[in-house]
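Order of writing sets the labels: A, B, C and D. Residues in every chain begin at 1.
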Amino acid sequence: MSPATAKMVNGEAAAEKSRRWQKLIRPELNTILFLILSFVISSFLTPYFTDIEFLLNSTSLYVEFGLIALVLTLVMIAGEIDLSVAASMTFVACVTAQLFHHGVRMEWALVIGIVFGAILGAINGLLVTKTGLTSLIVTIGTMALYRGLAQVLIGDNSLGNFPDWFVGIDKRYIFDVIPVPFLLFIVMAVVMEAILRLTFFGRQIYAIGTNSEAAKYSAVNTNKVKMILFTLVGLVAGIAGILSMSRLEIARYNIGLGGELDIITIVLLGGTSINGGSGSITGTFMSFFILMILRTGMLLANVKRFDQLAIIGAVLIFAMIVSNLLNSFTASKG
Amino acid sequence: MPEKVPVIRTLDISKSFSGINVLNKISFEVYPGEVHALIGENGAGKSTLVKIICGVYQPSAGEIYVDEKKVSVSSPIVARDLGIALIHQEPLSFPDLDIAENIFIGHTRVKNKQSIFVDWHGKYQEARQLLDSLGVKLDVKAKLRGLSVADQQMVEIASALSQNARVIFMDEPTAALTPDEVGKLLDIIRLLKHQGKAIIYISHRLDEIKEISDRVTILRDGEKIGTYKTKDINRDQMIEKMIGRTIKELIPKEPAKIAAQPYLVVKNIAIEGVFKDISFELREGEILGIAGLVGAGRTEVARALFGITPIEKGEIFIRGKKVTIKSPLDAIKYKMALVPEDRQGLGLLLPWSISNNISFSSPNRITSMLGWLKFKEEQLIADNYIHNLRIITRNSRQPVQELSGGNQQKVSLAKWLLTEPKILILDEPTRGIDVGAKTEIYKIINRLAAEGKCIIMISSELPEILTLSDRVLVMYEGTMTALLEREEISEQKVMAAASGQKL
Amino acid sequence: GKSATKEPNQQPNASSSQSGSAQKQIKVVYIPISTGIPYFNPIIEGFKKASQELGFEFTMTAPDQADPTSQIPYIKAQIQRGVDVIAISPNSSDALISVLKEARDKGIKIITVNDDIKGNEKYREASIIGTNYDELARQMTIKFAEFLKYKGKFAILSSTTDAPFQNNSIKITKEVLQDPKYKDMQLVEIAYGNDEPQKSLTEAEALLQKYPDLAGILSPTSVGIVAAAQAVENAGVQNKVVAYGNGTPNQLKTFIKKGVIPGAMLWDTYRIGYVAGYFAYNLVKGEAKGEEGFKFKVPKYGDVEVGKFGTIYAGPPLVFDKSNVDQYDF
Amino acid sequence: MGKAMLKTPDPLSTTAGTSYDASKITRLFLLRELGVIVIILLIYATVSAIQPRFFSIESLVNILLFFPFLLVVALGEMMVIISRNLDLSVGSIVGFAAIAVGQIYVNYPGFPIPLAFIAGTLIGAVLGAINGVIVTKFNLPSVIVTLGTMNIYRGLLFILCKGQQIDNRFIPQALVALSQTKHSVFYIPWIVIFAFIIALLVSVFLRRTHIGREIYAIGSNPNAAGLRGINVKLIVFLIFVISGGLSGFAGIIYMSRFGYVNPTMTGMGLEFTAIAATVIGGTSMAGGNGNTTGTVLGCILLGVIHNALPTLGISGFWQEATYGLIIIVAIIIDRLIQVRLYQAMKRKVSL
């Protein structure tokens, strides 16, 4: 064995160590920092904040977007985007409610609604894969179309009077403390993370976002993967729509208006790249809580909406800068 | 040339990446009017050394002198201003800009300080002249996107030449080129040398080194072995100093047992405007070499066979059954594999680890019945290939973008070997591979043939075509000009057919 | 009365910091439909004035967007803060119901301000609105007809298709026009500008273009009336087309003075907040209730009476034109 | 680097795989725009057939008036996108500049109009510079940075005006007149002319200057750009300054067009409309390509659709759905036209 190889082995050990350090620090560092920061800020702002029960309860308000954000993370890792998610969510709620009001049993209406959501997603997928158009533009179009059709479908009414067993899901608890929607969010996060990390399908998603041409050369059916992802995001948007119906006890066409921006903010804040190829469910999961905690904290403190915006924005950038500095610090040490 | 002052001199340059030393106290100097070759195995540190001098990386230790003045080359901009140009090993291309812009971007502004406006007319003219002198037929107003690696390399060369630099570093400029083009480039280098410029020339093709260089510096494992006058050292000595042992460079073809029935039959396939009327047969155990000049359409044929741009006319038969291959997915079903020539753009997912890259086309090897990934298994497979193909790396989790060019090529090869293909298409399989590794790859090709696989090997290196092929298909501008049987193969015939003569 | 004493789960240190003073200060919060709408500023001012006079704690909080669910987190937060009264200008008459129920269960009094939750009145104590909106719509239509000299084509420029106030106003306009007196007036189109400046202006311009013989645009929304005035001015048709509707004096002053529009109507928004402040305070003190016929005293404005369905009109409609527009600053 | 090279969002280029001669490329370049032009004409003709009054000077002027504000912002956004970045803060910058200059008018009613434009542009440029500094100094992804500053600027502008709208009585009549037909050249209001002049300048900047070309290079392959001696950070910084400056200018156009500035509404959601106009005009989100003509056409297309809907008298309930449908159909037709023409051309050449 030459001295050079021996040196390699030693160096390797050192490198591994520093890598572990970096692993600890790298991908979701800014999210973690942000999370801590938001917690500190929030509890500093108001004494009402450190009430865990209330916090858990508050998640129900945002869970619908959170669920969608989880799946949208996969779509964005694959280098695509779906702006029609919030519109699909509402459209599904309207269709389900309308079916119910036309005498379809609620159970069936729900099933049809969720399938309908998947169809809406599949339409996006088809438009993107068959025509080769940019998903950004396609979904800007379907965003208006879906919400528009929802408006046509139920006009300016609200549809309500759903059966008792259906409404108020946000007020049902597991073990008396965990709201059902919250549990759903956790389960969904685990499932998505498993898909992304532990299956070959997850690999394919990353590959498409990293370099779709190389993925094609590696025999990935990029169109099929994208189709599945768009359909999945539609399906979950459908579920979110139904959750919103249960929580609000009504359906109307303009629920969740502009929600796509909130959803994308969650995903981006979680460290997913807008150009695809990188990102994680853990990141999205944490950034969901960050935004929720910050908002809830500031709401409780009666911070004015636009001061809230400025604070959220500033904390966001600050956390990113700090984590970047930490990164370069560890990198230079390594 | 001790009376002259070296234009570039390095003193004890060392470099480590995340704790691993890849260069250890390298000192060498280059004089004006000298062609200084830099050779070494894949991963020896040639590119790293060159990148340090050109400001891409910062050295961990050591000093750089230009005209005997100590400089700190903190960025490529500084290098450019010092009159240093670099032809990168992997072409730096801007697919959305046209060829002329690709040549000039980044340094014209410095040259034409007087104007913030681009002089389009002058630029196109200058670009055309440059490419003409290189003997490249490319439209300077065409977008670069989709150009073959060889053409991109030419553009890169033109760009370096256009900078009018005093020192030009050439990191494997000829890896993707055919002998013809190499000849032109060497002519230009002689001219530059005559003008008193210093050239640092990196190549794995030792004939070129012998032909063009004045001195040669040999690196091994990040250490400098020595600097020699080229005329004082012969080929075998070079190899021995590079890899620490002697090898037979071009191992002879081991005749494999060739089946009687053709396994793959290709009849008159064509894609409009790209290639037409390509026909050949391939038996189990046979190696079909495809030769031709850059841009002859060889890569296009490979892409078509593999279903990336499906054929528009003609037929393909596998085992006597007609097949349609519309996508790589279909191709894989027929147990085909394609190792593409553009390893960085198409062959590999650069940010991914070696093991993830290797396993990516063989999901069945690393997933359980339920679809879960088997990480242990994946690791073992990768380690196996790292060992067998002698991939120089920290470990299998290192991102491939950190590997040296040659080692990346090996990963790309490993990825497709793992699919256990029946028909293996290799597009420039030894591009940028060192002599040692080359023989390894030849051995692998021989072994695969012996195992009864069908192999299509596209190569711009004539010697490997001539020795390894059972049959050679020669292309010229999208048509087939010759299909030579084993006994007919000769350098003259291949060259003649490659330049358009129908045989 | 009883449930008001029940402290919604509060942190011990939080309540201890407040229990220093013997009797707890009354907390009133007001949630307008969203921030940045100048219309609501006087209401807030009115609330503040009342809070100073009566000595209760007043806060304002609001979302930045006016979609139907955007107020929900704000209400939730107020429940957690344990306020006594939530005064709200609802964005939706039904999307808020489930959270309002929650608030009432915690003993918080709900009053609606400026707008009501139609059909769900039982979820609030009372509703304080600017004026009798039906009456206002009626008067507005009559005045508009006068300006039109009882003949010609006209269009309505509304906000969104589902805005209750707008739709109610449009409904009443249509009812008024049933009278044979207005038989020569023809409603040609109802356009929706979604209360966005750009869309409203585009809609108004399209109206002028589509109907070259258009005689008037009636716009019951403040963004709409400004857009209508702009479109009329840009096209230079102020002598041909009458724009009229509901809008704030400050936004319309220039147009009225230039004669682009003859004037507009509204109600005293400051008064809404002031009256609501007094009502809220009395409600918590247990002295007021949202029952028809109940009367309470408000300084300056005298007796205010609770009407049908617990609706309280803060004052009479306000009509302004060239002669009096400078008297108002909101 | 490989990733950069092969991010081929455009299927046309993946079908290519080879390069073609320049005359073809330039023709294809024109044809890219042709698709959008055809659709604009198609919509215009259809709507005019149904509602003849759409075919009139007034209507054209209305369409023209729709987009100067959008166009100026979209041009900046286009440059940012070409460099493979994204600026989500443009809407807030528009609002900020308009509110800030509005404040000037509240306090100094006689503030000269040209100075208002300059002040707006400068304020925007400063905000853009802040984006640029954060992005380049700390090496952060521009999407997140501008997502942050989008919120910060919006919050600050609220503090600046204490949440108060700036009513039209503060905005000088002469400024408003710039967007009125009666004070115009040949029916074309001044703000439209301003917007076109800016488009021309941007076009010249991108096509003819070294920096302009370097922007494309950066978007095409950022790593390579750095290695080729392009000062990537400086140029990215510059682009954000320009984008901010243009947004600031657009803020004044907004004041002129609408006559008042509302802290919530001004520029709200504009970033997505601007990105949509840019992408419809053929700019790829992956960076490296895009041109002014395309963006102008993208804005015109949106203007035509927005004006067509009310003119057609489509009921409020159907408008949004129709809008979405038209967008989708339009981009599909556009794509089909391009692919067809491309194939036809390929045939002809190979003969």
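Please note the rule applied: a residue touches a chain if its C-beta (ideal position, glycine included) is under 8 Å from a C-beta of that chain, and two chains touch if they have at least 3 such contacts.
Remember, it's a predicted structure, so these values are computed and weren't measured experimentally.
With steps allowed only between chains in touch, the distance from chain A over to chain C comes to 1. Put simply, the chain farthest from chain C by mean CA position is B. Inter-chain centre distance (chain B to chain C, centres taken as mean C-alpha positions): 73 Å. The centroid of the Cα atoms in chain C and the matching centroid in chain D are 36 Å apart. With centres taken as mean Cα positions, chain B sits 42 Å from chain A. Separating the centre of chain A from that of chain D, both taken as means of CA atoms, is a distance of 28 Å.
Across the assembly, chain D contributes residues 2-3, 6, 8, 158, 163, 263, 317, 319 that each touch 2 or more other chains. Shown for chain B are the residues that touch two or more other chains, namely 308, 345-346, 348, 350-351. Within chain A, the positions touching two or more other chains are listed as 151, 155, 210-211, 213-214, 258, 277, 304, 306, 309. Chain pairs recorded as touching, per the definition above, are A-B, A-C, A-D, B-D, C-D. Chain A makes touch with chain C in their complex at residues 47-48, 50-51, 53-54, 57-58, 61, 151, 155-158, 160, 167-168, 244, 247-250, 252-258, 295-296, 299-300, 302, 304-306, 309. Residues of chain A touching chain D in their complex: 83, 127, 131-134, 136-138, 140-149, 151-152, 155, 210-214, 258, 265, 268-269, 273-275, 277, 304, 306-314, 316-317, 320-321, 324-325. Residue ranges of chain D in contact with chain B, taken from their complex: 1-3, 5-6, 8, 13, 15-22, 25-26, 208-214, 216-217, 219-221, 223-231, 287-289, 346-347, 349-350.
Of all the residues in chain C, the ones that touch chain A in their complex are 9-11, 13-14, 17, 29, 35-36, 59, 61-65, 67-69, 72-74, 76-77, 80-82, 92-95, 97-98, 160-162, 167. Listing the residues of chain D that touch chain A in their complex gives 2-3, 6-11, 14, 84, 86, 134, 138-141, 143-145, 147-152, 154-159, 163, 263, 269, 272, 275-276, 279-280, 284-286, 317-325, 327-328, 331-332, 335-336.
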